[in-house]
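Next, two complexes with subunit A in common: one pairs it with subunit B, the other with subunit C.
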Partner chain A sequence: MQTLGRILPWLIVIAAIVPFAVNGDFTFHVAILIGIQALLALSIHLTLRVGQLSLAQAGFMGIGAYASALFTRDAGIPFLVGLACAAAIPALLAGLLGGIILRVRGVQFALLTFMLGEAIVLLFVEFVIPFGGNNGVMGIPPIALFGIPLDSRQQIYAFVILVLAVVYFASRTLLRGNPGIALRGIAGNEALAQSLGTDSLGWRRVVFAASAGIAGISGSLYAHYLGYISPEAFNITTTINALVMNVVGGTALLVGPLIGAILLVPLPELFRSAVLYQQLLYGLSLLLLVLFLPQGLGSILRRPRT
Partner chain B sequence: MFQQFLMVAALSAATYMLIALGFTLIFGIMRVVNFAHGEFVLIGAYGIYVAQSLLGLNYFVAVPLAALAAAIIGIAAERLIFRRFAGDELAGMIAALALAITINGAVTAIFGVDGQPVERPISGVIHIGDAILPKDQLFAAGIAFALVLATWLLLVKTRLGLAMRAVAQRPEIARLQGITPWKTFPIAFAIGCGLAGFAGALTAPIYAITPYIGEGALTRAFIVVVLGGLGSIPGALLAAVLLGAIDAGISILYSATLATLVSFVAVILVLIARPNGIFGRA
Partner chain C sequence: MTSPQPQLVLENVSCHFGGIRAVNGVDLQLDTNDITGLVGPNGAGKTTLFNLITATIRAKSGRILFAGRNITGLTPDAVARLGLVRSFQSPMTLPGVTVREHLRQAALFQAIGRPSFLLRRRRIAAAEAQARRTADAVLDFARLAHVADEPADQLAYGVQKILGVAMAVAAGPRLLLADEPAAGLNGAETAEMERLLRAIHEELSIGVLVIEHDLPMVMRLCSHVIALAQGTVIADGRPHEVRGSRAFIEAYLGSEADAA
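Now for the complex of A and B:
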């Protein structure tokens, strides 16, 4: 078990290199989408770690996407600054809102964030200026580093993987360091942790803000890669898909969402011909997984740390 | 204008009640947030299409059959899936999501993604004062109110209803009184999913049916049930009236999108101030 646990991260690294071996535009296209979705799945994973499932993550992704798209296109701001804004704005919003909404626990929190996510999408639809209503935003400038646009999918993929790696290790540090210790204490016995001086709400707020920031980064990459965004890309279905990636990969492991993204994102791209049956098969396999392997596929390889 | 508002509000409140009542009943008894609830509305709507257009049945025969189909699938879902997750809210929610994707996928695989035409069995309008009311909507709302009343009577007047309410309030103490909680689970699912099926069957001729109608129904159920307090039946009924009024008022004066946005914000504010809903127990 332990050796498999050590192998798992290396499997992910190998998976990240595979597209360069296979090559081809389509491979890189799918690989870029995997990277972007993995970021969103990772952001949901953080909220699961706090024990408060947030269904507003696609909404935060949308805020990041619109912020960086509009700033770079209309204000002429460089991409990297736009990316920073895409992380900072949702993180700030979540940090502010978190002080109030994180007091709500359990299913009520999931439902509250469900409404919040849908409300964010409706704001994009309702305010045609500046969000473009249902038509969305077009002509978003491509990803560019220090003024030099990344003109091949290969380069874009390398950049997405770099961002994903940075976010992954930042999340790992967050969960393993002091905040992680505090969070495990809170999860184990909240009253005891609080009596020892742990600021439960404060730590949960930090993680919630971080999760929204990661979702925003994912949105920015999505917007600049595709060059076009519309509100329905950020509705509840996107959040649910990212949640499913966590369930498939395993919710107890930080690599869980990455495994889930690698397995699930290529499916619709590969099975275009069976498009009518795709959702049914997807739903059935998910049901079987939930019933017979509730810890996710990652649990086959590694038992969660206790 | 005001009369029109009252009528539109009452008509939409009727279907909201029908959907939310079952949703809150299932949560109250099993602590399962039925994310698949909207898909049972979808089963009801496609049930009408199958019975009416493919089997050539009369609409008034087709409605109870479609609801029955939804109820039977609901019982099967409870037996095969939800029973294992009773009490585990997060896992139950994810299982319900998986079921929702499966039902939606099955409907798409069988009937395709395009909408299906449904014959309108009732047509024409009635004038009451200066309000204009389509007869088909009036019929749907009338049946919906009657079903809500029947469910209410079942829960309040019968021994079965008493047992179900006891399980919803305190499962352990209900057991002490000789009630077996898990025996009420399939009944709750049959009633809840059956009511959702009725909602789909009754509204199928009014709106176009597509595989996407479940999502809107689910969102409405969420709003009503959260406003009223998860698991609270009187709360759900009052909240349905409230949402009907907000929806009708803002839709008539401004736009439907704004109406939805306002109801979302209202729900978020209510949840922050009173996490158990306006009428929920603390």
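Now for the complex of A and C:
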């Protein structure tokens, strides 16, 4: 826990300074994408904390993206309200479905959520009205606060970082305080925690709903930043990438998904010239990482306990 | 003794695993003023009965009532919050957590067990202070103060089992269900466990239902004994009555009793 406190200020400083120091529109573009992907990775991280890997997170991200995009574009709802809907709708859906599907454990749960995610994407493809089918949704209004659109990437970046910080600290509060005791009890010894009065299913539902809400927020930011969304952006590949960020950064630390996003999101952009070898290098480095640093890069930062 | 007692009542409770009738039409009543012993040969259905009472498994038929309330079909945590708390046959701990923290958390789960506590945060400060006091009190009560700050999973087997019962006490039960608390313990540890169970009953006025193979200990400790064999109750009454009953002797010694 002390480690988090030690690295976090540095991460914030780096996040605040680097894009401005390099000062190019492209740097801000990548930084915004890092923020959006970090949110999705964080949402997967929460499901891992209760020992249930959800592969539906990109689907929830899609629900957030479509909800926010359609509400603001077609119904003229302000962006911030759209963002709130983008969080609330997937959270509600996950909370309701969670009562049933969270009873399934292990690989079966991962497969079930994989199918859920794919089913959500299929809805976007098949229902041309209102989702636009394979063409997706275009002309999504930009991020605007109280009617004032954020027209530069610097401003959007600042907003994305703010949202990420709020979500991060909310997650940290959830994992640290009294809820954290219940969640660690469930993850550490579920039968014992239950025998002492912990509502295991209830807590896992709350975490699943929160994770879906965070994924929805990520989707909303994505939609309003790019101005265009299509179904394939929310398929299983997106979820797997976010999962890889967790593995690379470390699944035991809340900063793990952030570290993973910072490292992995820029990679395709940096290796554009070596596109032929990109996947190969990516796979090799992942293999080496899992072999030599199975706890993720975050584990380097964690000092051994005395 | 005539005041309304929270009583545990099982009415015709059955549970089958495939074709095996693990628990078959069990009727029983017990008073939370007693230490009740649940005895019987291996495979008699004792632990299954515990699992049914604490809702870890569902009964195929029958009703379970606690303090007049039907608790059939509740979840294990809901049953625990009503005051039916169990300890486990093999020690259960949370990895890397100290003994004191185990007891504090056990005392806290009553308040924070359900996510809805997030909506009633004002009461939490009081519950936290209470949990700390409970943890300290139970540390002394169960004589665990000397290992209070050690990680529980590093402790000796016997101490972990004492901790298991102590956690159940910290959770504030009305009836504590102890599943073979003395199994695997040496003489001194068994004596300490016996002292603890007696103290839970006499000093804290908590009812105890104990599964135990150590018959002499059951005879010393319990005022009420229920004997199970092949999933049915074969004897139910005062300890000496049960030990003397023909069905009980046959269940333990088989046909040799007839030959004798």
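Note that in this section the second predicted complex is superposed on the first by the 289 of 306 C-alpha atoms of A that agree within 3 Å, B and C clash if a C-alpha of one lies under 4 Å from a C-alpha of the other, contacts with A are read in each partner's own complex, and residues count from 1 in each chain.
Just so we're on the same page, a residue touches a chain if its C-beta (ideal position, glycine included) is under 8 Å from a C-beta of that chain, and two chains touch if they have at least 3 such contacts.
Keep in mind that what you see is a predicted model, and the values were worked out from it rather than measured.
Student: Once chain A of both complexes is superposed, is A:W203 in touch with subunit B (first), subunit C (second), both, or neither?
Tutor: Second partner only, subunit C.
Student: Figure out whether A:L221 sits in contact with subunit B (first) or subunit C (second), or with both, or with neither.
Tutor: A:L221 sits against neither subunit B nor subunit C.
Student: After lining up the shared chain so the two structures overlap, which partner does A:S195 touch, if you call subunit B first and subunit C second: first, second, both or neither?
Tutor: second
Student: Per the contact definition in the header, classify A:A242: touching subunit B only (first), subunit C only (second), both, or neither.
Tutor: A:A242 contacts neither subunit B nor subunit C.
Student: Under the stated touch criterion, which partner chain does A:M115 make contact with: subunit B (first), subunit C (second), both, or neither?
Tutor: It touches subunit B, and subunit C stays clear.
Student: Is subunit A touched at more residues by subunit B or by subunit C?
Tutor: B
Student: Once the structures are superposed on A, label A:A182 by its partner contacts, choosing first (subunit B), second (subunit C), both or neither.
Tutor: The second partner, subunit C, only.
Student: Looking at A:V265, would you say it contacts subunit B, subunit C, both, or neither? Reply first, second, both or neither.
Tutor: Touch partners of A:V265: none, neither subunit B nor subunit C.
Student: Which parts of subunit A are in contact with subunit B and also with subunit C?
Tutor: Correct list for subunit A: none, the interfaces share no residue.
Student: Taking the touch rule as given, give the residues of subunit A at its contact with subunit C in the complex, in rising order.
Tutor: Checking each residue of subunit A against subunit C gives 178-179, 181-182, 184-185, 188-189, 191-203, 205-206.
Student: Could you pull out which subunit A residues touch subunit B in their complex?
Tutor: Against subunit B, subunit A makes touches at 53, 100-101, 103-108, 110-112, 114-116, 118-119, 122-123, 125-126, 236, 240, 243-244, 247, 276-284, 286-287, 289-291, 294.
Student: Which residues of subunit C touch subunit A in the complex?
Tutor: Where subunit C meets subunit A, its residues are 54, 56, 75-78, 80-81, 85-86, 88, 92-95, 97, 105-106, 108-110, 112-118, 124, 128, 167-168, 171.
Student: Where on subunit B does subunit A make contact in their complex?
Tutor: Interface residues on the subunit B side: 33, 81, 84, 89-91, 93-95, 97-106, 108-109, 112-113, 215, 219, 222-223, 226, 230, 255, 257-258, 260-261, 264-265, 267-268, 271-272, 275-276.
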